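Take a look at these structures.
Both complexes shown next keep chain A, but they swap its partner, so chain B is in the first and chain C is in the second.
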Partner chain A sequence: MSYVRGLKCRECGREYPIEPIYVCEFCFGPLEVVYDYDRIKADLTIDKIRSRPTNLWRYRELLPIDGDPYVGLHAGFTPLIKADRLAKEIGVDELYIKDDTVTHPTLSFKDRVVSVALSKAKEFGFDTVACASTGNLAHSVSAQGAAGGFRRFVFIPASLEHSKIVASLAYEPNVVAVEGNYDEVNRLCSEIANKYKWAFVNINIRPFYAEGSKTQGYEIIEQLGWKAPDHVVVPCASGSLLTKIWKSFEEMHKIGILKELHTKVFAAQATGCNPIATAIKSATDVIKPVKPDTIAKSLAIGNPADGFYAKQVVYNTGGWGEDVSDQEIIDAMKLLARTEGVFAETAGGVTLASAIKLVKTGKIKREGTTVICVTGNGLKTKEALEGHVAEPFRIKPKMAFFEEILAKIGN
Partner chain B sequence: MKRRVKLMFPQVLIKEPVIFTMAKKFDIMPNIRRARITDTVGEMVLELEGEAANLDEAVKSLSEQGIDVEPVEGDVLE
Partner chain C sequence: MAVTVRIPTPLQRLTGGSETVEGVPGTIISMVQELDTRYPGLGERISEGGKIRRFVNMYLNEEDIRFLSAEETAVKDGDEVSIVPAIAGGRA
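Up next, the complex of A and B:
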């Protein structure tokens, strides 16, 4: 039984029935899923959530599907790690890492959104799913689409390095390499999505797809003992994840599971692609598109669809936005690995490095609970660390050589 | 053919009849759905209807004048 009321335009408020549509026919504003929260409040309890399997569907009343979930039965419910060593390094009292480096099946938070998108696509009756991606999204659509028995199309820029697409090709989707710059690839994909009756997960299925991000927020609340953190730092590409984490907190408050909510939401970007952080810092409502130039490829969206709304959340909650250089990203990736044993992709470096700056500038106070959202696995972007990690000690197979090294290392 | 776009005007062009000029020059029918002007920038969300080649030329012309032309759905390559 669905708790979904319909789709609603974020700009003009016009409501629509549940269909695979994504913009308001009148003002072209983006559509958002709205729910019957009174019914959810009556039906969804902490005990009910606890009784369910530890995957993202344990919050299913707050997700936009009508029947049983179709894919992603092992996705979500990733660890929330209490990061005491890292807390000491960066100067906060209580720090947690929401560790989506280990999301099933493709090791990034995209498994959450794709689980919801493909389950909804099945309900809509689609047999073909598609996406435009340079990495994580392609991996997840390829893998989960295979598990769901869908025909799959993955569009990539022809300039993308072969090593980046191997992780998608393994699942044997139809990969289409489009010759042209990113703008041309974007435009072609939008045209294809509007012409073919496919579930293009981040275009015509986007309102449902994006809802999957909320599960990261629900899990944070559950894993903190049904409390919201004082600060949450979220990486921004399109800005959707940030808005959805905030939506998840608000929903938990609305249905009475959260007794109080005063979280400040912080946006993290790379300086080489920082349209949202720039808008926050310059106090403007205009998100000025940029041409991305950063090692954090999974955050390289120059024209972020939800940038304006992400900026609004940051402002309304008393948070802030920060951006960091490629070197700061690398240093933070290494710091996270060294202190907490978590190897994050470059986006994780962006989030931690931004958090460090936010603590240094006093935007994040030492006191209180801080959660840093780490969204993807470091094995996906390990080339970013080439030349930035130590070389192994090479020795001949004799004890004397080893002990010579040991003496150099010391304690 | 129709194309949904979001335009961002630099301050110097806010007072210019850019849309009217484009519509006449490239035989395009614009249908404005949303617009916003602040002291520094103008934003407009609209649908452009015309021949595919004319639409390409019209968008190119707007870009050459310094107007940022983006699809309303933002970047979908993620």
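Up next, the complex of A and C:
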């Protein structure tokens, strides 16, 4: 039984039925799922959530599917790590890492959104799923689409490094390399989505897909003992994840599970692609597009669709935005690995490095709980660390040589 | 030779099914306002209060007008203007 009432335009408020549509016919604003929170409040309790398997579907009343989930039965419920060593390094009292580097099955938070998107695609009756992507999304659609028995099309820019597409090709989807940049790939895909009856997860399934991001927020609240953190730092590409994490907190408050909500939400970007952070710092409603130039490629959206809404959340909650250089990203990736044993992709470096700056400038106070959202695994972008990590000690297989090295390191 | 304006599918209802229409040189916003006199309703769909709507992207000869002078960008004979609904697309 569904708790969904319909779709609604975020810009002009026009309402639409539940269909694979994503944009308001009138003003082209994005459509968002609207729920019946009174019924959810009556039906969804902490005990009910606790009685369910530890995957993202334990919050299913707050997700836009009608029947049983179809894929992603092991996705979500990633660790919330109390990061005491890192807390000491960066100068805060209580720090947590929301560790989506270990999301099942493809090691990024995209497994959350794709779980919801493909379950919804099945309900709509699609037999083919597709996406435009350069990485994490392609991996998740390829893998979860395989597990769901869908025909799969993954569209990528032809210039993409071969190493990046192998992780998609392993699942044997149809990979289409388009001679053009990502924006051109996306424009082509929107034309294809108009012509063929396929479920493009980040186009015509987007209102449902994006809701999957909320599960990261619900988990943070559950894992903090049904409390919201004082600060949460979220990486921004399109800005969607940040707005959905805030939506998840608001929903938990609305249905009475959260008694109090005073979280400040902070946006993290790379300086080489910082349209949202720039808008926050310059207090303007206009998100001026940029041409991305950063090693954090998974965050490199120069024209972020949800940038305006992300900026609003940051302002309304009393948060702030920060951006960091490629060197700061690398340093933060290494710091996270060295102190907490978590190897994050470049986006994780962006989030931690931004958090460090926000603490230094006093935007994040030392007191209270701070959660840093780490959204993808470092093994996917390990080339980012080439030349930035130490060389191994190379020796002949004799004890004497080892002890020579040990003397240098210091025993 | 006028300005060529490319109309996205959802708006072709207002242009009698035409994929392209001719625009009058001037600025982006003056051109949109003039188009509205010939294709009533078009102006309201893509602009509000003299500004292009947030979820409409406009390109002058393939360059996003926000990299130029936004609504005040000059448009001359022979130019091509594209109106493209912003696609809420993720990259990651």
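Simple rule for what comes next: the second predicted complex is superposed on the first by the 410 of 411 C-alpha atoms of A that agree within 3 Å, B and C clash if a C-alpha of one lies under 4 Å from a C-alpha of the other, contacts with A are read in each partner's own complex, and residues count from 1 in each chain.
Definition applied: a contact is a pair of C-beta atoms (placed from the backbone, for glycine too) under 8 Å apart; a residue touches a chain by one contact, two chains touch by 3 or more.
Since the model is a prediction, treat every value here as computed from it, not as a measurement.
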Regarding the shared-chain residue A:A347, is it in contact with chain B (first), chain C (second), both, or neither?
-> second
Between chain B (first) and chain C (second), which, if any, makes contact with A:V23: first, second, both or neither?
-> both
Between chain B (first) and chain C (second), which does A:S133 come into contact with in this model arrangement: first, second, both, or neither?
-> both
Could you tell me if A:T284 is touching chain B, chain C, both of them or neither one (first, second, both, neither)?
-> first
Is A:S108 touching the first partner chain B, the second partner chain C, both, or neither of them?
-> second
Given the touch rule stated above, what does A:P157 touch, chain B (first), chain C (second), both, or neither?
-> first
Regarding the shared-chain residue A:G376, is it in contact with chain B (first), chain C (second), both, or neither?
-> second
Would you check which partner chain A:S190 touches, where first means chain B only, second means chain C only, and both and neither mean what they say?
-> both
Across the two complexes, what residues of chain A are contacted by chain B and by chain C?
-> 11, 22-23, 26-29, 132-134, 136-137, 182, 186-187, 190, 202-203, 206, 237-238, 286, 288-289, 298, 301, 303, 305-306
Within their complex, chain A touches chain B through residues 11, 22-23, 26-29, 132-134, 136-137, 155, 157, 182, 185-187, 189-190, 193, 200, 202-203, 206, 237-238, 284-286, 288-289, 298, 301-307
Chain A residues within the chain C interface of the complex | 11, 22-30, 108, 110, 132-137, 182, 186-187, 190, 194, 202-203, 206, 237-238, 240, 286, 288-289, 297-301, 303, 305-306, 308, 347, 375-376
Within their complex, state which residues of chain B touch chain A.
-> 4, 8, 33-34, 38, 40-41, 43, 45, 47, 68, 70-78
Taking the complex as given, what residues does chain C use to touch chain A?
-> 9-10, 45, 48, 53-57, 64, 66-67, 84-92
